[in-house]
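Naming follows writing order (A, B, C and D), and every chain is counted from residue 1.
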Amino acid sequence: MKIEGKQRIWLDYQKEIADDHFFYVRSCVRQNFFPGSEKTFLRILQSELSKDIYENPSHTTCSGIGYHTDIVPFATSMTMVARQFALMTEAGYENFTTSCITSFGLYSEVLETWHHFPETEEKTREFLHKATGREFKKPNNVSHASDIIFRFRKEIADKGKYRLVNQRTGQPLKVVEHIGCHYSKMFPSKGVGGAEYPYVLVGMIEDWGGEVIDYPERRHCCGFGFRQYLVQANRGFSISCSKKKFDSMEPYKPDMILTNCPGCPMFLDRWQYAISEMEGKTYGENGHGIPVLTYEELAGLVLGYNPWDLGLQVHQVPIEPLLDKIGIPYDPEMKFRGADGQDLGKPDPPSVLKFYTEKV
Amino acid sequence: MSKSAIIIGGGAAGMETASQLARLGIEVDLIEKQSRLGGHLNSWDRLFPNRRDSKEVFEYLEQDMNDGISLHLNAEIETILKAGDRFTLSLRDGKELHSDALVIATGYEVFDARKKEEYGYGIYDNVITSVELEEFFRNNKQKNLFEGIKSKRVGIVHCVGSRDEKAGNLYCSKLCCVTGVKQAIEIKELMPDAEIFCFYMDLRMFDRHFEEMYYEAQEKWGIQFIRGRLSEASENPDHTLLLKLEDTLTGLPLKMKVDLLILLVGFIPSPETRRLAAMLGLKEGDDRFLCPADEHTITNSTTIPGVFLAGTVKGPASIASTITDARSTALQVATYLK
Amino acid sequence: MSDLYAKLFEDVRFREGLKACLNCGTCTAICPAAEFYDYQPRKIIDILQTKDNSKIEDLLKSNTIWYCGECMSCVTRCPRGNAPGLLIQALRSLSQELGYFTESEKGRQQLAIKRTIGKWILEYGYCLYPSEIMPDMHPEQGPIWEWEHKNIEAVMNRLGANYKGTGAGILRKIPDEALDEIYRIFEVTGGISRFDKIEEFSRIKALDMGMDMEDGKNDDYMKFIYTANSGDHTLKHED
Amino acid sequence: MKPFGYTITKDRQIDFDANDREVTGFINEVEPSIRLCMGCGSCTATCSAGHFTDLNIRRIHTFVQRGELQHLKKEIMKCMLCGKCQLVCPRGVNLRNLILSIHTALEKSGI
């Protein structure tokens, strides 16, 4: 592997990422499954980087999952997108930032469609006005939240308390990066580093001290496939895709998986559990699985935030082996407690995948 | 007073045009940007279809580089001016040349395989281009190329940078197919136990003896042809490559490990060709190669009187047809100057 | 019968996605659906290129168009600028408009999606909603989700969400005016009409199959389409 | 184990490296003309059995070379050995002997 070859390609895909004054729209999947990540994103931008980021309470789903399960017509989704733009326009913002990759892909697709088929933009304006009375301007800049963290990765490293280094061995942690399909597969120029060798997560890993692993099934979809997961009868497809990735990355002995898409970390986390239940097979060390993190969770760890504030307790694959490797302290007693320390009980231990109980 | 012509480009087309014109008594200046003549001919080892040594063809072309030709090596053109029927060329070293006719024979370049990002050229260790393979053959470096490779399975990818909108080239480079078959046979000659696969969409064996070479590759050498375009190559932990393509004749996706991947890179117009065309106001086709005055009949002249085209500035061509074309250009120039 | 190709052509995604195919197979080669289902994006384009009405009708009624996961990996690779993923979207839309989706096992599942994702979009303003993601319908979500689901308010609170609260924040209650706006958008753009068609054609199919189909989530037809898998979607090596 | 309601499936890619190609080697040896196929499909077009079943005789060649034995077994059972394919093959592939050799090879390897 010659890293210079990749660096050349990264130079070809330098994406413009806004610097400040972001209009933030949330992700359905992440609010349900990784609320701590969105919380951490805002905390980093506001407290660490002193950026202006605004969220309008009236913004909604972009309808992306409905669109990609094909129950929502394109015209409807275009108008849903237009409504979000209208809220941005009304609030006086021009930089649109999405927490979700499906949304990011949809916004990009809608803007491209309006560009190539101007009559669709006109029609959308008409629909939006008819339905809501709103008008909108198109954003100057559309960035995914991972683009923003990428842009400020060096600042985060500078402020950081921890590096992605194994305390015991002094070796950099081996990190697998997984990019959401809709980040750049449709429009390579819209993603940092393009579609074949996206740099958005690689840049974070490198600057935070880790070592990136490239493995044969790196570009493979996690298998969400929208309807392929949402309907139980189709989930065999979904889990089989993820398994393919695990089998392919296993020989490299990764310490963790880093993702930038809402769904992927959930699936890569949960499917390790399901595979272990179905086939008795676990990945990673000592039967603990390979921890899967969002980029905000990882940034939060680097910055020294409490792992339980980041939401690492709601992962099925235990995260403690990673914390121990990096040398991040945590209080096991507080893992499954509520905001005021109240006892919420504990999840049942899975039958195969190990619950982390003590330091190895 | 004898008439004169300037020929830009000292590859096969330029050399042959020059020698033909000199033989007809026309004073020739032959300009070559590199330190020696021959152009791409210097990169090839053996030529299809009969696998004769390319040096023989070079020697043939070189023997006529006689006194009637003034050779300007390492020469770079600054400006070209046309006043009346006369051309004035200024070279970077300050030299000025004059002539009554101008022949553009600046040829092509090979496609930069790095642009086909998903094939990992320049990133993965065992991905090389067909040009590099020729260099290995030519310099007898075969041993280095295959050193440490145990199972010796080789994949040859057709249409790299050709017939590809994403690469910016919709056209067929037409000679990659036969080059791939030739190289497959040559590898097999070197390593009889190697397994060789060509990944193709159409095999365009258009010229004399090409189809027979394909037949020979199958019959005598057992080279396998899989119909499907390589979709991606990735590197395995042992530095072999994992290929993914559709085996379109079965309709099933296929994955396969190879030790070495050879990319058959296509033709693109050389930057020098495009620079001169812009300087002179010559017409480029939508494939960016230069347009002759008429595609069927007036194939060697341009719409500018006194400016002629020879060889691969007009599109992909074999050495044989380049030489034939150069003679035709020479005849057109001579007729014009008469 | 009307010209299905012309109908497809009305969809901008179809016009964007179909140039001319040279049958190279780069799409099928990396298509996750082609790896696990008897499916080839290349073949879809091949059929559409024929403009043959009866072949297109077969396609609209088949399982085939429902295998794609819309990851759009094919879009990156096509050397001719085709986008099989976009064509699938156009085909699925038309299949639902014409009611052809109920003719296939995979197509019939649209009702289940409409009654979950579709319902939640209009009801909550979110595509997913935690109290609706039932552990028994999602066993793979594991014990962690069971625990979370049981303690959802406390867990959301611990992680800094504004669950069901007013103002901004994670899983806030979307204001009623905003939900009204969404509904009107769905009304004027054909979203509601799409939902109604999915219900209506499914009702006809359920009757046809002798199954009960109420409006809730737990009727026989709904359960059937959510779990039914004939097992012949994959061309297995053991076959 | 919990009832998940679905199972992990093996992919249907041709896994060239995992396939057993002993049969491939045997057939290429006993009927070397198999190498000459250029995928033109003349055989499939004229195939009598192919008119009544989904037999695709052209694909048999490809399955042999890829070592896709299960597919191969399924396909050749449909051939009636009429030999029309051989008459039209522009490359002179001895298709009848090819089919017979496949039968022999599959039997020998117990498939």
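Note that in this section contacts are C-beta pairs under 8 Å (C-beta built on N, C-alpha and C of every residue); 3 or more make two chains touch, one makes a residue touch a chain.
This structure is a prediction, so every number in the text was calculated from the model and none was measured.
Chain centres here are C-alpha means, and the one lying farthest from subunit B is C.
No other pair of chains has as many C-beta pairs in contact as A-C. Spacing of subunit C relative to subunit D, judged by their CA centroids, is 37 angstrom. Subunit C has its Cα centroid 49 Å from the Cα centroid of subunit B. Chain centres here are Cα means. That of subunit A falls 22 Å from that of subunit C. Distance between chain centres (mean CA atoms), subunit A to subunit D: 45 Å.
Contacts with at least two other chains are made by residues 2, 4-6, 9-13, 68, 71 of subunit D.
Residue positions of subunit B with contacts to 2 or more other chains are 118, 227, 232, 247, 252-254.
The multi-chain contact residues of subunit C, meaning those touching 2 or more other chains, are 30, 35-36, 76, 139-140, 227, 229, 235. Taken as a graph of touching chains, this assembly is complete, with every chain in contact with every other. Contact residues on subunit A toward subunit B in their complex (touch as defined above): 1-2, 4-6, 8-9, 194-197, 214-219, 251-252.
Looking at the complex, you find that subunit A touches subunit C at residues 26, 28-29, 31-32, 35-36, 38-39, 55-61, 63-66, 68-76, 78-80, 83, 105, 113, 116-117, 120, 127-128, 130-132, 181-182, 185-186, 188, 195-196, 219-221, 223-228, 230-237, 239-241, 244, 270-271, 273-274, 308-309, 311, 314-316, 336-339, 342, 344-350. The touching residues of subunit C, counted against subunit D in their complex, run 35-36, 38, 139-140, 227, 229, 234-239. In the complex of the two chains, the subunit B residues touching subunit A come out as 114, 117-118, 120-125, 232, 234-237, 242.
Those residues of subunit C that touch subunit A in the complex are listed here as 11-13, 15-16, 30, 32-33, 35-37, 66, 68-73, 75-76, 83, 89, 92-93, 96, 105-106, 109-110, 112-114, 116-118, 121, 125-130, 133, 137, 139-148, 150-151, 154-161, 166-172, 174-175, 177-179, 181-182, 184-191, 194-195, 198, 225-229.
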